[in-house]
Amino acid sequence: MSDNNNKITQAMHDSGLPRRDFLKYSATAAAIAGAFSLGLPLHGWAEEATPKAGGVLRMGLAGGSTTDSRDPGSWSDTFTFVGFSAVYNTLSEISVDGTAIPELAERWESSPDARIWTFTLRQGVTFHNGKTLDAGDVVASIQHHLGDKSTSAAKTVLGDVAKVQAQGNDAVVFVLHSGNADFAYVVADYHLVIMPAKDGGADWQAGVGTGGYRLKGFEPGVRMDLERSPDYWKAGRAHFASAELLAIADGAARVNALVTGQVDVINKVDLKTVALLKRNPNLVIEETKGAQHYTFPMLTDSQQFQDNNIRLALKHAINRETLLASVLYGYGQIGNDHPIQPGSRFINSALEQRGYDPDKARFYLRQAGVDSLKVRLQASDAAYTGAVDASVLFKEQARQAGIDIDVVREPADGFFSNVWMKQPFTTSFWYSSLTADRMFSIGYAKGAAWNETHWDNARFNQLLNAARGEMNAPLRQEMYNEMQALCRDEGGAIVPLFASSVAARSKRVAHGGLTAPYGELDGLRLIERWWQA
Amino acid sequence: MTMSEKPLLEIRDLHIEGHYQDAWHPLIKGIDLTLQRGEVLGLIGESGAGKSTLGLASMGYVRDGCRITGGSVRFDGQELVGAKPEALRTLRGLRIAYVAQSAAASFNPAHRLIDQHVETAVRNGGIDRVRAEAEAVELYRVLRLPNPEQIGQRYPHQVSGGQLQRVMTAMAMACHPDLIIFDEPTTALDVTTQIEVLAAIRDAVKTYGSAALYISHDLAVVAQMADRIMVLRHGKLVEEADTRSMLDAPQQDYTKSLWAVRSFRTEPKPCPQQATPLLEVRKASASYGHQPVLQEVSLKLHRGQTLAVIGESGSGKSSTARLITGLLPPTAGQVLYDGEALPADYRQRSKEQLRRVQMIYQIPDTALNPRQRIVDIIGRPLSFYLGLKGQALRQRVAELLEMIELDPALYMERQPRELSGGQKQRICIARALAAEPQLIICDEVTSALDQLVAEGVLKLLNRIQQQLGVAYLFITHDVATVRAIADEVLVMQRGQVVDHGSREAIFTPPHRDYTGLLFSSEPEMDPDWLDRLLAKRALTSTVQTV
Amino acid sequence: MSLIKPLLRAPLSAQFGLLVIVLYILVALFAPVLAPFGETEVVGEGFAPWGGQFLLGTDNLGRDMFSRLVYGARNTLGIAFLTTLLAFAVGGFCGLVAAIRGGWIDQGLSRLVDILMAIPQLIFALLILSVVGTNATSLVLVIALLDATRVFRLSRAVAMTVVVQDFVEAARLRGEGLWWLVSREVLPNAAAPLIAEFGLRFCFVFLFISALSFLGLGIQPPTADWGSMVRDNAVLITFGDISPLLPALAVALITVSVNFVVDWVLHKSSGLKEC
Amino acid sequence: MNSLCKLLLQRLALGLLSLFAVSVIIFLAVGMLPGDVAQAMLGQAATPETVAAFRAQLGLDLPPLTRFGHWAWQLLHGDLGLSLANQRPIAELIGARLGNTFTLALLAALVSVPAALLLGMLAALYRNSWFDRLLNTSALSAVSFPEFFVAYILILVFAVKLNWLPSISNLAPGASFAEVLERSLLPVLTLSLVVIAQMMRMTRAALINLLASPYIEMARLKGISQARIIFHHALPNALAPIINVVALNLAYLVVGVVVVEVVFVYPGLGQLLVDSVAKRDIPVVQACSLIFAATYILLNTTADVLSIASNPRLMHPKG
């Protein structure tokens, strides 16, 4: 399907759905940072030759909009994420192996209860305008997203932050309302870029950062031009002499631009064309797994779904493999009715994968005291491209279990404000979160703004609070394991699929391996990480 | 002229077909024509006789959708049928010129007259522009155009119809052609204007010694212009003779009937002076926007009488009809029907008031809905006013058809396009009669018809009047028609009534000024009429410049 | 009867056009009979090749391409036809009334139409569809409203040439009401150019709907529609896969055909005046 | 000349009046868009209080009439306001794109108008010949293809297969005219193909329609050559309908090219408008719509005026 639709869809869902902060993260180790060693991991394991300096990186990206702005609080899609991540740096950075490593912060410490975090800044870093980075810049940049008047997308990410203040010139202290063991990951959020302070606030209008590239031009929804900053502080990065980002909303146009050599990299490849693109010897397909997941939320407080047996019946009546093949063309993984992506460091690997089992579904129906079931599923492609198709497929599969799903197509416009979380059975999607805590907190905790199933499980809520402040990794993982099982067996959401994001690059550019599985386009940092082949 | 001299134009056994209704139909069926240098030949006939087609063919030209299927056209010895376009182009305009019926339509509205005048001379005749323009001015002078130096600088729409027709004649003569085709050059003009143009054309032809084909449906006009006359009918020659013998002793029945048209007269009916008039207009004035079209017009019409309103274009005669029907509400004055004032606007009139006044139009083609059958057209007033239905309605339609001398069995189910012009006008009459009116307004009902057909329609109207006692308000520009049918006559000029009286009184000299001019301008079937008239007018110097 | 003759004499292009139109109508009418599978029925693997069980292969969700093409004829033609019909009912009627009544009704309607026409069609459609939501009903209503303005202009212009004729004046003087004037006197005589315009409008609506579909606001899936079928698969054109060309071809073929026929009708109605 | 001036002023006044009416309609239509800008912009951070604060900040809590008055007042002072989405001045936001849109329209017009007129005249000159028929059939086919279909075919041929032209219009700032030309060529071609057909057919029809008029017959009977008849005698009289169809198509080139902009990623105004509708960025939607409507009205008024100017009856009144 055309990404034009995606674009509109994107806009629609923005009207009601949280920008779930694209904290795409999954790694295997539950590394809770105490203090990190200095220096950056090198691409030592790269099989490619040594990075070459120079050249232009040209990207054709979906997710650019005419309404984009330089204000980091407003960034909402790939185009601004990728472009500005080359202009700015954050306190911490997610490394190739998925752990948070120092970037502008040299190191960090936390109090034992994980409530007070102190970040010590790297020395001698300058902004593009020549100003030297100090703690005041960091405080201003963080405070840009805080406060009652803030309209920043990162406001909830920083929801825990009670206070942020400078400690001397080269350290910043965050005081949290309650302990958060993952706080070093939180400040890696790409909204939380460090800008120079100016007149008591952060100067976002200038587009001046500490990153590898200077902002040469930015025309929202059209293009962004970057040129290499001659004195970038980070060694072994920013190989291209310049970069050019084109906002290409139409999927076909992106593919054409890549095939005809107008651009070197495109994202959101139309899945239908992946097989065809693969035949082109000059192109490489880059798949990033677990970028988002799709759900069918059932309101647990609705009359229809308050009986968990009914929910379980529906969870058994869906054929995830078929959906994966036809909706995602295999570019994804099947889900197990909880939001933690396979391969994540938080995954409960012992949890048995649920499969398509009409008999079991019938069994649960009988448990609920009914022979057959008729439910209405209000679907919209506003959730994700193919949501209606997936719903129709689901309908066919559920029929085997004696469940009659009446698929009602809802208009994309206003779907997330009028239908989602208001009607008992709908379609939805989530960008995967960097940490399990964040995912559970915003989507599954009692009273959370986007608890899309109105789920209220006492045990789950208790575990969530306990795990957040728990610095003991194995203990914490145990809690997460139980929470995943609770979601799977008692939760209100059917989570059938984790979708990959699929990008493609020309062989004119090369990289030393993707920061998979985190974010698309090498953790959105391809500009400073990739090089000319 | 001796026979040994080579004729200028020689047409032999010419056949031309036209394509319409998906088939080819013969238009010219084997006509021979010979024209000597300096000779003026009149071509006369009714519509469809093929005279225009023949005139164009003598220039080697056929209109789109027509084709020459046989015969030859030789101009000065050169064969024009099948000649190359380039060869024809060197003749046209230079050696054969054409004067069209409507100068207003035949001048290109986008260019100045002088540019169009000299176009052929400069582009094809190799004459330099300055000389060509000087000659043009000279021609304008010969044709007695006002302000000959300046008139060429004007655009066609800035010049009146009569002048334009003379400019076109001048343009035809620009290259001193051997032959000029005049295709009904005065038909679109008012009679008083016509005189001027006729005189100008005749003088010019004589001055330059061109030969001419003069095409017209009006015998009296042709009689003034032509040395010799050919009568055509249905694409064939009926009769050919020199003008005087043709007028004095026509040989063929068809020719004789054409000649006889002008003798029809109705019996005058006495005018009941005391009774309330059926229709009375009292000092009515009206205007279109700020342009006044009627000023204090008054008239009276009694039951069973015919009141003829005569005038030239712009005289307000049709506006008078619109005033009476309520299409043009007066700004002052009123219309009384049977002594009662009629609402000014037809939309305020009752069905009964509408029924009693019916109208017949000039052009029967547009007066009949082409998408309705005859039975529907005539039947509508019957069902609308009288509430007739089903068999009774068909019966009444049949009676009306019989009254207008059309066979109900044949015509009831037909559509207007299957009828001839005269038949259509009869249907219009039947439609008016169907409403059982007391007054019928006839707006130029015969002017779009050929003379013979027109006469038939007049006779029919007269018979109906005798049978039913219906009154007619008869609007026309044609003096002959007024003479034929009027009981009372009203002469109009520039929105005012300038003369009125009974037919006898009006037509008996002495006439009032305008009435006299109008009547004397009506061409007569006498080759010397124009000369006499011009001589007389020159004497009394009452010639109105047009 | 008299309809056959002109058909046989019609130029090849018009005959071809008529044949195609008849064929499309038949396909639309008998879609359930002709289509081997259901419109939204998933019958196999996605992107099955041509031939074999599936004549033209399957689409991305494993629905039979041929069946969807057939049903597409029904949906797309149906919606375009309905829209055009509505546009003509509204615009045509208003145009005729404006021409017949004249005065302030004519002035009011004409100015309103002028103003509506000053707003770019695509943008107006976009706005309204965003307001009322995208579904078949609103699609039909919105496009019909937009097109009615164009129809209004034409029907008013055509009716004007009829209204000035004497037979209309005769009917007025007879005291006929508005309905009679519209239905009996003016409409039958304005029919030829209006029918031709109907064909052109139909094509335009057809293309407009596919343009809207292309922008994601046209006929919505899973309803089979040629416009969105093209759009969904447009990217495959780059790879020389002709499957997405089939619905595009279907669109082009019907519009070309209608245009051929309209061209002939117009030529014929003007050609009759010639001699 | 006085009546001509009066006519011109009348047209101008009518145009301005339409513009006002259009802006009211647009304001109302945009006002009816479901979903709230504040909600749309704030997203996740939206608590009822912040939404209310934001609405107040944007002036959305004022009654519609006041808002319209305020907007119109600003507009009259040449101030289009700020974008709600990124707080940039709309004039700045629109500026570059408007330039792009006009460049595209201008280039397409430069290609299509002369081509259409020439082809139309040739078709009229050689009417009913094989050349005319070929042209006519091609034109019919060209108007029958969906725009995006034509666009993709052109991309397939010129960008993918031949690799002569770029498939997207990457208009870098400071690009040379030659570069702009090269990169805009495919969209220009697409648009030209679409509009040429209509203009050509109209030109041909207008000319042929006139060829039946008596003064053309007169010109033939004066021995004027066929070419001169077409160019000198028919064309000046056919100008009014031709001007009108050209204006209509020029308007289309400015306002109707969203699809082409999408396919070729051409940074034009249409794309901005579509995006802004989706984002409920009301001031931008209003500004764009107004510009489009103004363009349309301006072109139509110009066409009217030119038609009048081409009519000697009005240029040279009787008096």
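Residue numbering begins at 1 within each chain, and the chains themselves are lettered A, B, C and D in the order written.
Heads up, the rule we're going with is that contacts are C-beta pairs under 8 Å (C-beta built on N, C-alpha and C of every residue); 3 or more make two chains touch, one makes a residue touch a chain.
Please read all numbers here as calculations on a predicted model, not as lab measurements.
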Pair with more cross-chain C-beta pairs in contact, given C-D and A-C: C-D
Inter-centroid spacing, chain D versus chain C (mean Cα positions, whole Å): 23
Cα-centroid distance, chain A relative to chain B, in whole angstrom: 88
Length of the line joining the C-alpha centres of chain A and chain C, rounded to whole Å: 45
Averaged-CA centre spacing for the pair chain D and chain A, given as whole angstrom: 41
Contacts with two or more other chains, residues of chain D listed in rising order: 34, 152, 155, 160, 212, 262, 274, 278
Multi-partner residues of chain C (each touching 2 or more other chains): 130, 133, 214-215, 231, 234, 237-238, 274
Residues within chain B bordering two or more other chains: 63-64
Contacting chain pairs - touch in the sense defined above: A-C, A-D, B-C, B-D, C-D
Chain C residues within the chain D interface of the complex: 13, 114-124, 126-128, 130-131, 133, 203, 207, 210-211, 214-215, 227, 230-231, 234, 237-238, 240, 248, 251-252, 255-256, 259-260, 263, 274
Of chain D, residues touching chain A in the complex: 34-36, 39-45, 49-50, 53-54, 83, 85-88, 93, 96-97, 152, 155, 159-160, 163, 166-168, 170-173, 262-265, 267, 271-272, 274-276, 278-281, 284
Residue numbers on chain D that touch chain C, as the complex places them: 14, 18-19, 21-22, 25-26, 29-30, 32-34, 136-137, 140-141, 143-149, 152-153, 155-156, 160, 212, 251, 255-256, 258-259, 262, 270, 273-274, 277-278, 285, 288-289, 292-293, 296-297, 300
Chain A-touching residues of chain C, taken from the complex the two chains share: 40, 42, 46-47, 60-62, 130, 133-135, 214-216, 220-222, 231-239, 241
Residues on chain A engaged by chain D in the complex (per definition of touch): 4, 7-8, 11-12, 14-21, 60, 65-71, 74, 76, 148-153, 155-156, 217, 219-223, 225, 244, 246-250, 252-253, 256-257, 259-263, 413-414, 417, 449-450
